[in-house]
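First chain A sits with chain B, and in the next complex the same chain sits with chain C.
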Partner chain A sequence: MGNRTLTFKIFRYNPQKPEVKPYMQEYKLEEVSGMTIFVALNKIREELDPSLMFDFVCRAAICGSCAMVINGRPTLACKTLTKDLPAKISLLPLPVFKLVGDLAVDTGTWFRDMAIKTEAWVHTTKEFDPTALEERMDNKTAQEIYEPDRCVECGCCVAGCATANIRADFLGAAGINRVARFMLDPRDERSPEEYYEVVGAEEGAFGCMGLMACDDNCPMEIPLQTQLSFVRRKMLAQGLKLKTEKVAL
Partner chain B sequence: MSAYKTYVTDVLIVGAGLAGERTAVEAAENGLDSIILSLVPPRRSHSTAAQGGMQASLGNCAMGEGDNPDIHFQDTVKGSDWGCEQDVARLFTETVPIAVRQMSHWGVPWNRVVAGKKTLPDGRELEEKKEKEGLITARDFGGTAFWRTCYTSDGTGHTLQYAMDSLVLKHGCTVHDRIEAISLIHDGEKCIGVVARSLRNGELIVYVAKSTVIATGGYGRLYGASTNAVINEGSGMFIAQDTGIVPLGNMEAVQFHPTGIVPVWILVTEGARGDGGYLLDKNHHRFMPDYEPKKKELASRDVVSRRMTQHIRAGYGVESEHGPHLWLDIRHLGKEHIYTNLREIANICKNFAGIDPANELIPVRPTQHYSMGGVRTNADGHAYGLKGLFAVGESACWDLHGFNRLGGNSLAETIVSGMVVGKKVSEYTLGASLEYSEQTIKDEVTKQENRIKDLISGKNGNENVYKIRGEMEQTLMNYVGIFRKGEDLQTAVDKLQELHQRAQKVGLQSSGEGANPELASALRIRGMVRLALCISYGALQRTESRGSHAREDYPKRDDENWLKRTLAYWPEGAELPQLDYEPVTITELPPGDRGYGEHAG
Partner chain C sequence: MLSQRILTKNPKADAYLDAIEMATGICLVSFLWAHMLFVSTIILGPEVFNGLSEFFDIYLLSYIGVPAIAIIGLIHFVVAGRRIPTNIRDQKIIWQHAKQLRHTDTWTWIFQAITGMAILVLAALHIWAISTGWPIRAESAAERMQAFWWFYLILLALGEYHASIGLYRVFVKWGWFPRKPIFFVLKVVTVIIVALGLGAMWVFLQLGGAA
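For the complex of A and B:
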């Protein structure tokens, strides 16, 4: 590899110090082989600027902590190799989420609120019986549930979504995907009516404008639009049923 | 002392990984109020990174037929090289089938038995029975007599943590994330809670509770090359040890995983070998059967890691700019298997090494992976030395793993210890009252405030925290690795003692204001160096080889002198840990041959 010098332009703002307005700060680093944004940012912190804030946990594209906007695109920083980028690299925090400082955003609270709003847990009236065998499930069903369950809640789909950027209450592709996960799960006893309450409105499955940015941005390559249309079909059917019932009344 | 926020609760849980959250759920089900603290949102805890699976002797799949808790118990005790507590191992193996089924009830999409005939990659034929169809299946992992590792593709930790966190949400447990416990508050007899620092704005917060549970995971990041998440710095262990009265157990027992990817050290799960992957040397020769004809690539982890190191030393490693390595070969498993059951591995290889494992070999070398040692507790999870302090999961040493943990036994341990210890915590808490002196709290807060002030002002010196850290990581890598010997360990102890001095003279380069990350590192460094010293000094004193602790100068297990557990205390002002020893509880299986890998040396 030709030894490039990389120029990073990084968003700086500390909400604790509002008197210092947001600005872009420049750092230069020599590129090394196999360098990721994770490696680069740690090098910057350890050698150039120990005050720089950013989040990494697994550094293996598994935990969803490190999403940021890299040269205009929301993605996971730990799996972004610098060799795939031009020598000028701009890093911004994800929009939509509350800023903690510099590149760190509070995706945790957003996803927790979403999970509480959609009651993202298995709703069952059955008691667990420690002496009984597990309930059987078809392996195919298990794998179908795992598909949307793979979401790492990084926020890339939400950050890149036009609706989420203008509507604070929009569940976003991640939220709808989470609902799809429970709809697919035979252990969850919620009825279509109950799901309709959760995702039937504008802030749910029908808020999406179909711009598809979520699909393109998902680092886990979850087919978010497919999950969305699955939820929409279910909700449309339920919506029609509700209408007919009203008419019948 | 300035004003500070105080929260009061019944049960304070420090750590929101699987062990911490399972404990919280147990407390909630017993009607107790709890607060969970975490450095990161719970779903980003290191538990989510576990891919391979969780051991439970359900015996549903064809290769698991005939399995039961007795055999799981024997595997665990042998795996530990007789270093574990057998009463704990018994309780664990009896409980874990229930734990797996309960996780299924709570939503984990475990892979299931599919009836019919199958041919394994090595040509063996088997038939999954019709009557078992739809029950939870298992895969092969190292050191087990049967296929026992339950899994969801290769996202087992992820699906477990998401299901567990959904229960935490359902129960409405309080979670404070981006909060770091920096010291325990205690009066010499009883733990009262913690002083924590907010990683959102830097403020100090006091948490007061009837019981406090440490569930902070492992310390992998003491080593320069570790499969662990970057937040695994062992803080729960050193804040407990810092009390001077709570010991850490068996800190010298450090596990290396055979297959970390060179040079990013990201793990390739044991599932890859369990599903039929091979290890190859520079001549593309499959060498493990030469050393371990029976278990081959699936001997115990410590054994495989040693064999690999031995083979590299014999000149069969592949040279690279990052040092010699070996190859992991899964090409013969086929695209379909790799892209579905081992998809996460395929992604990791692609993203971090630019490799397609369906067509190419994966460069691997043994890498630090797991901390068998931790806060020493009794079989109820109650810490030695302080009432009201408990520990669970990887940060604890109730001692299920002894000197080597079996793959798949750790996820299982997090859930089982959450259930078992959670119940004991609840019993204790229901009978406890919240009595403490305001002065004890004030003293501890003042102590922490002063530490922070000194770091910011540079009163004690201007040592660079990142430099000390780098030197500590390298010291452990170079001298306290897979094979150990007296002179190396002495070198490590000497160097770490110097670093321990320097760690007390750290001064910040940045302002330290707000959620400043340099301050966070500076607050941890002394404790981290102490843990490194506990590992090195404990290893130096232990003049035998047992499980993962392999002394070249003492290659044999020595039950006469060393069938005992190390307890490491750190008295105030000490320069080295004070070591003490206690016997290992043997209830059923007297020390014997490990059965496989016994020639490891």
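For the complex of A and C:
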């Protein structure tokens, strides 16, 4: 197999140096077998340009830190093989998240805010007894919870979402999926009203326009449509039941 | 929270808006498909068409139906239209986003916004045309078709597109059926309805000279 020469067009911008306008820089690289974008970027940094900024930790699609826009689509760089791509490859940072520089974005702050907004922890009134045996859960429920829980917080669903691109306060598929995870969990004692406070608005379940770029671009292949529509149906049922009182002025 | 926000807080509003968007949409799709079936009775002959039309007149169904559909259409336009970004910057973001992503369902949403606005204008003209030429009979319809066949061709295409994609989106959002099969089913239904529409148009054009 004759090795291809790959041409990378990479977004360059350093917010610390706003005097240099954003531009696309070209790098050429010999393709090797089994090459991922992760491997390619490291080669570029080692051999061609030590100033290039990008994020990696696990290089095995577990940590979610290497998400970027590869030839237009948000996905994990460490999971993307160059052999599946044409010889011209464009790399852009994820939109929506704060740009750290070049391909590196700060997804951490966004996901932390989301976790706080959705109160992403089990709400229970039960006293924790460290000596007692753990409560049992049937396998079906455990599996159901595990589905949304596979999220690695890479941010691809948010980056691919048209709504999230124009609405800073939108929770995105990641956020709604997180809520679905707790709704499914029998240990979480939150009532539908309490969940409604969290996602029963345009910033949450009702803001989704159903474009499904999240579902189509999730590197973990989480069935996001199922999760989103599950939360939406629950929240609509709750919203139609709700009684509100007006403040008399 | 800001006081003006506290005083106007209505947690139900977003749920209701979402429900209204869906309900008006489903009403309009059902109407459009029924309407196309009624119109295509012309294929069975002018007598059948006129008979049906008279039936709607006698029981005053047209006099209730037409204004009702116009109002539902307007509500749908306002409620579904709330999703369309109104400032230039956000619109630019959406276009750039769609071009970069090359994702079918994202593009169809943009077309949905465009066809929605076009339908608002075209459907208004259509209602104006039929009400000034009242009652609807095979001859008057044939005359209209002769003069404005291109108008009806555009309205048929846009209306069917908007209805099918809209209904697909409803199923996607509420998750009642799996996405891919429902898309296929809706495509088949659309082809049938468009074929009926074209068939009816053709018959009207044939009638036109004779009438």
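In this section, the second predicted complex is superposed on the first by the 242 of 249 C-alpha atoms of A that agree within 3 Å, B and C clash if a C-alpha of one lies under 4 Å from a C-alpha of the other, contacts with A are read in each partner's own complex, and residues count from 1 in each chain.
Convention: a contact is a pair of C-beta atoms (placed from the backbone, for glycine too) under 8 Å apart; a residue touches a chain by one contact, two chains touch by 3 or more.
Bear in mind that the values here come from a model prediction, so they are computed numbers and not experimental data.
Legend: residue contacts after superposition of the two complexes on their common chain; A:24 is shown touching neither chain B nor chain C. When the shared chain is aligned, no partner comes close enough to touch A:87: not chain B, not chain C.
By the touch criterion defined above, A:32 reaches neither chain B nor chain C.
Which of chain B and chain C touches more residues of chain A: that partner is B.
Of the two partner chains placed by the overlay, neither chain B nor chain C lies in contact with A:48.
Contact with chain C, but none with chain B, is seen for A:232 once the two complexes are overlaid on the shared chain. Looking at chain A, you'll find no residue that touches chain B in one structure and chain C in the other.
Of all residues in chain C, only 6-7, 10-12, 14-19, 83, 85, 90, 93-94, 97-98, 100-103, 105-106, 109, 169-170, 172-176, 179 touch chain A in the complex they form. By the touch rule above, chain A contacts chain C in their complex via residues 69, 72-73, 92, 95, 160, 162, 165-166, 196-197, 200-202, 206, 208-213, 216-217, 225-226, 228-230, 232-233, 235-236, 238-240, 242, 244, 247, 249. Against chain A, in their complex, chain B makes its touches with residues 40-46, 48-49, 98, 100-102, 104-107, 109-114, 133-137, 152-153, 155, 158-159, 162-163, 165-167, 169-170, 175, 177-178, 200-202, 229-231, 263-264, 266-267, 340, 344, 347-348, 351-352, 466, 508-511, 513-518. Contacts from chain A toward chain B in the complex involve residues 14, 16-17, 34, 36, 45-47, 49-53, 55-65, 79, 81, 100-101, 106-109, 111-112, 115-116, 119-122, 124, 126, 128, 130, 132-139, 141-143, 145-146, 149-150, 152-153, 185, 187-188.
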